[in-house]
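Two complexes come next, and they have one chain in common, chain A, joined by chain B in the first and chain C in the second.
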Partner chain A sequence: MWRRHLLIAPVVLFLAVLLVVPYVNMVRMSFLVKPPGERYLNVFTLDNYARVLRDGFYWRILANTVWYAVLTTALTLVLGYPLAYAIARAPNRRRPLLLMLLIAPLLVGVVIRAYGWLILLGRVGLVNELLRALGRQPVELMYNVTGMTIGLVHVFMPFMALSIAGALQNISPDVERAARSLGASPWKTFWRVTWPLSLPGVFAGMLLVFVLAVSSYVIPILLGGNNVLVIPMLVVQLLLDAFNWPVGSALAMVFFGLTAILLWGYVKLMNRALRWSLR
Partner chain B sequence: MSEGRSPLFIAVVVALYAFLIAPIVIIVLAAFNAGEYLRFPPEGFSIRWFVKFAQSGPFVRAFVFSLQLAAATTLISTVLGGMAAFYVVRHAGRFRDTLRLLVIAPLQLPAILTGIALLLFFYGTGIGTRGMRALLLGHTLVCLPYVFLTIATVLIGFDRSLEEAARSLGAGPLTTFRRVTLPLIKGGVISGALFAFITSFDQFPISLLLVSVGNTTLPLQLFDYLRFSFDPTAAAVSTVSVLMSVAIVLIIHRLVGLESIAWGGPR
Partner chain C sequence: MASIRLHELTKRFGRVVAVNRLSLEIREGELITLLGPSGCGKTTTLRIIGGFEHPDGGEVFFGDRAVTGLPPERRDIGIVFQNYALFPHLTVNENVAFGLDVRGVPRTEIAARVAAILDKVQLGGLGGRYPHQLSGGQQQRTALARALVINPQVLLLDEPLANLDAKLREEMRFYIRHLQREFGITTVYVTHDQAEAMVLADRIVVLRDGVLQQLGAPDELYRRPRSAWVADFIGLSNFIRGTAAVHDGRLTVRTAVGTFQTSGGAAGDGARDVLVVLRPEALHFGGDHPNRLAGIVRERAFLGNLLDYRIECAPELVLRVQADPSRRHEPGERVELSFAADDAWTVPAAEAA
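For the complex of A and B:
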């Protein structure tokens, strides 16, 4: 029955050539010499890494990028939890509608959603037109960190809500009812029963949103304008505008390497927290 | 809170949904508004921005190009993703988890990083980014996991005794696949294809890196346009794209149910 392996061969070949080789090639590129006026030389060097690691500017942008992602993760958690709860505990006939309203925005292009925010919150947007009509000062909501954060939270909140709703779905409503019938207040029931049981979904959602937010490029560039700089923007600038492939690749490697280490620590910590909370 | 029906909780949830759909609704309103800007009160209903879209060469070209690209991407990723789903669910044995991780890897890796890696690779090998080829390969790579996950979900719940019955009645493997298996998993295959289509149609970061001179996709054209003007032609273009997304969500819901997609996928 060797013929059945023909089913997977094309996919493995496709992914090997278009995923594995390009990534390995990018790692190789980060170790090559960049002479002025030329793309790269096939000579090994560590200079690109030294240049990236010694530059305080890169570290500052890196800290900003991580901070924006942490902020986005925290906000999507606070806003996504009630949504997830409403979906998981909705009557069966209403749940499909609630899910549809959560998933539909995910399938609308990110440029279009950013454009919607510009119409709403831009300098000549609806909110500022309203303020002007009321005789108030316009507020700067777009092309800064505020605008970018609104956009990031909007884009990633459905992922957080879906992840938490999945966990809440697995908690039997009877557990909550039992706590209530034993005299626990609704708040106490939530904090002592529902919240600890939903933690796996919360941690998975936080992980997902952080990874997506830290590497996002489109929303920062569209809604952050010239006032926000994140590492993915810097990498694209180095590669496409400065044509510096070796340093651009090295910066990408350092950034995603550090992110991976951060995530590894996070997963370790969360596993410990889970074990502790379920004791 | 325990029953989730206090007025405050309902108000919060309604506000969150309003936040989620506000930017999308506002685009549709802007597209049908007669004026240059959305104002209170609105300046009346008009389809002039749709007419302007239909007359705009760059937008129409980008729209047609994106449709072609998405159609080609859908075809290739559905065939590849479907084959992978069959193999991983039914035959993979001890390589199952490894293969699953490999196929969904493009979903886990940051799209912008994958785009950069592909760009360097295409230039390095001399394949280049001319024409649709580079975009097609890049889009197929990121659409593959969606098809794989959707088809794998329906295959896991598949009752194989139906196939065995067909075989024992004398049908060959191909006939069994065509007359029994395919009709039963049709919903999953179509849903996966639609996911791939809309993912390709809306793709931005990979397109930005792999696009070539002369061919631009609709999201890239919109992005360029919005840097210099806020004319509601862009809103009309976006509205057409939003309507496509909404239609696709509704069809997928009818075919396989959104709940199975939301948290029924193979873990």
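For the complex of A and C:
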């Protein structure tokens, strides 16, 4: 028995040193006093939390951050579902290729892809040059919410599509045939059979994309520029620019806590909706 | 209820011809099985009847109505699949109600009809369960109830018993037959199991490589197969090669192990090179039938109700004989065999290979 536990010792050690210890340290930091001109004092206080929770500015940014993540999740769902459907229903021979194409963008780093969008969406990018050539006004696609959302949707699409495609592939074609035989049109068959049966994948994909989007940092910085502010950016600013480790840590903790509560409620609802799949 | 007529049905997948100019008439209220080895086109034929595949050529009629171009939901069919294909996210009640619900049947009527059919298939009281909470047999009966509750014109069954264990499978054969008679519904039943086809079918359609080999009642197929392939596929057969001739109005076949009188078959069509088809139970030890031959017992196996012998009558001619276990013959023993002319049938030798 203990031998088996021994096998996971390296990974436990790895996570303890690189994840748990920094986390615990951050929790501790969020309760320490920040005197002007010094990093912190080893004195317990709740002031940092009070500052974060009382400041309307933080709440507004928090609301924005969650809203961007919800928007990204919704858009990846709307765009990713048909994509997942096409992949799941493709002939067996062609499916591996399609899956590879879906995953291929993940082989390129996020930063590089963000610069790719720059070439397309920038003030002198492909889109605006095209508009200019057609005699139209250029549009602002970069360094705002639009640019950031385009980037986020692009980066997280594979996660959504993969998770839905997996669920769709688990649906036996005979189940859909049975619905048709019973008098359901293709449209009705989709909404009453295929869609509910794909919900496990939809819910998993939404969870994944939301978590990734709400905590994303690089894309908002590169594509949102100075016109977009999200909590992860704010935390980094507090920690590195303002050098205020205690308040930065407290903000991170509040953000973490609220997101966790949100996800807990989500998982509860999800389990209720998927009662039929629980064995 | 409606009869089903298939006219010159053809379906290709790439270069493979899955169904080849299949014409067939299934009478109102009849249960017909499509029988054949895997890849013979039986499931494709069923799917074409159901509207799940579109034929490359030919027509499908339900009664006088041409349904070839109609999608499944407008054909008025009930179908049961090998894996049952129940809706896993719906309870038994909701599964069975599905067809009525999409047809817009009023709620109170749905409840009554669902309850009635669940009682009929002995699932009363299980309506609130999800499919994964049911045994294989219960899932099977739910699928039958779901297909039958809409009173379809035609019932299609695609190897519905293949996933059940042997004992339950045997029970369900009779149960399905009973249910089908009670509803009087025209039924197409796909199977690769010839015993199942024998028990269930009014008539059997034997398919091979998409081509109809023979169509007939089970005993007709067993006693009067049209080819060596059909004789071999349905039940056990012994084949003895020979030359046919007519003697005194009887079809006689001269073979290496004797000259035998037969009841007819291919020889009647004028073929000269024929195979005599002898079922294992047609051969008797001793006996006073006019057709006689001798051999040596090589092997014997106990089947419970029968003893299964392999008897070498000539080099390369080993006959299988199944006989009453009350009289035993030992391996190595020399035995005399006889059979009646009525139990001997002939098929053309040409395509025997």
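Going forward, the second predicted complex is superposed on the first by the 267 of 279 C-alpha atoms of A that agree within 3 Å, B and C clash if a C-alpha of one lies under 4 Å from a C-alpha of the other, contacts with A are read in each partner's own complex, and residues count from 1 in each chain.
Following the convention adopted for this analysis, contacts are C-beta pairs under 8 Å (C-beta built on N, C-alpha and C of every residue); 3 or more make two chains touch, one makes a residue touch a chain.
The shown structure was predicted, so the numbers you read here are calculated from the model rather than taken from an experiment.
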item	value
Fit or clash between chain C and chain B when superposed on chain A	fit
First (chain B), second (chain C), both or neither touched by A:Pro96	first
Touched partner set for A:Phe14, first chain B, second chain C, both or neither	first
Of chain C and chain B, partner touching more chain A residues	B
Which of chain B and chain C A:Trp276 touches, first, second, both or neither	second
Superposed model, angle subtended at chain A by chain C and chain B (C-alpha, nearest 10 degrees)	80
Touching partner for A:Asp174 - first (chain B), second (chain C), both, neither	second
First, second, both or neither for A:Gly56, with chain B first and chain C second	neither
Touched partner set for A:Pro36, first chain B, second chain C, both or neither	neither
Touched partner set for A:Trp245, first chain B, second chain C, both or neither	first
Overlay on shared chain A, then closest C-alpha pair between chain B and chain C (Å)	10
Chain B and chain C contact sites that coincide on chain A, given as residue numbers	177, 179-180, 186
Parts of chain C lying in touch with chain A, wherever the complex brings them together	50-52, 71-73, 75-79, 81-83, 85-90, 98-99, 102-103, 130, 132, 143, 146-147, 150, 156
Residue ranges of chain B in contact with chain A within the complex	1-4, 9, 12-13, 16-17, 19-24, 26-27, 30, 37-40, 80-81, 83-84, 86-88, 91-92, 99, 102-103, 105-106, 108-114, 116-121, 124, 137-138, 140-141, 144, 198, 201-202, 204-205, 208-209, 219, 222-223, 226, 230, 234-235, 238, 241-242, 245-246, 248-250, 253, 257-259, 261-263
Chain B partner contacts - residues on chain A that touch it in the complex	4-5, 7-8, 10-12, 14-15, 18-19, 21-23, 25-26, 29, 79, 82-83, 85-86, 89, 95-96, 99-105, 107-120, 122, 124-126, 129-130, 133, 154, 157-158, 162, 165-166, 169, 176-177, 179-180, 186-187, 189-190, 194, 211-212, 215-218, 222, 232, 235-236, 239-240, 245, 248-249, 252, 256
Chain A to chain C touching residues, read off their complex	172, 174-175, 177-186, 188, 192-193, 196-197, 276-277, 279
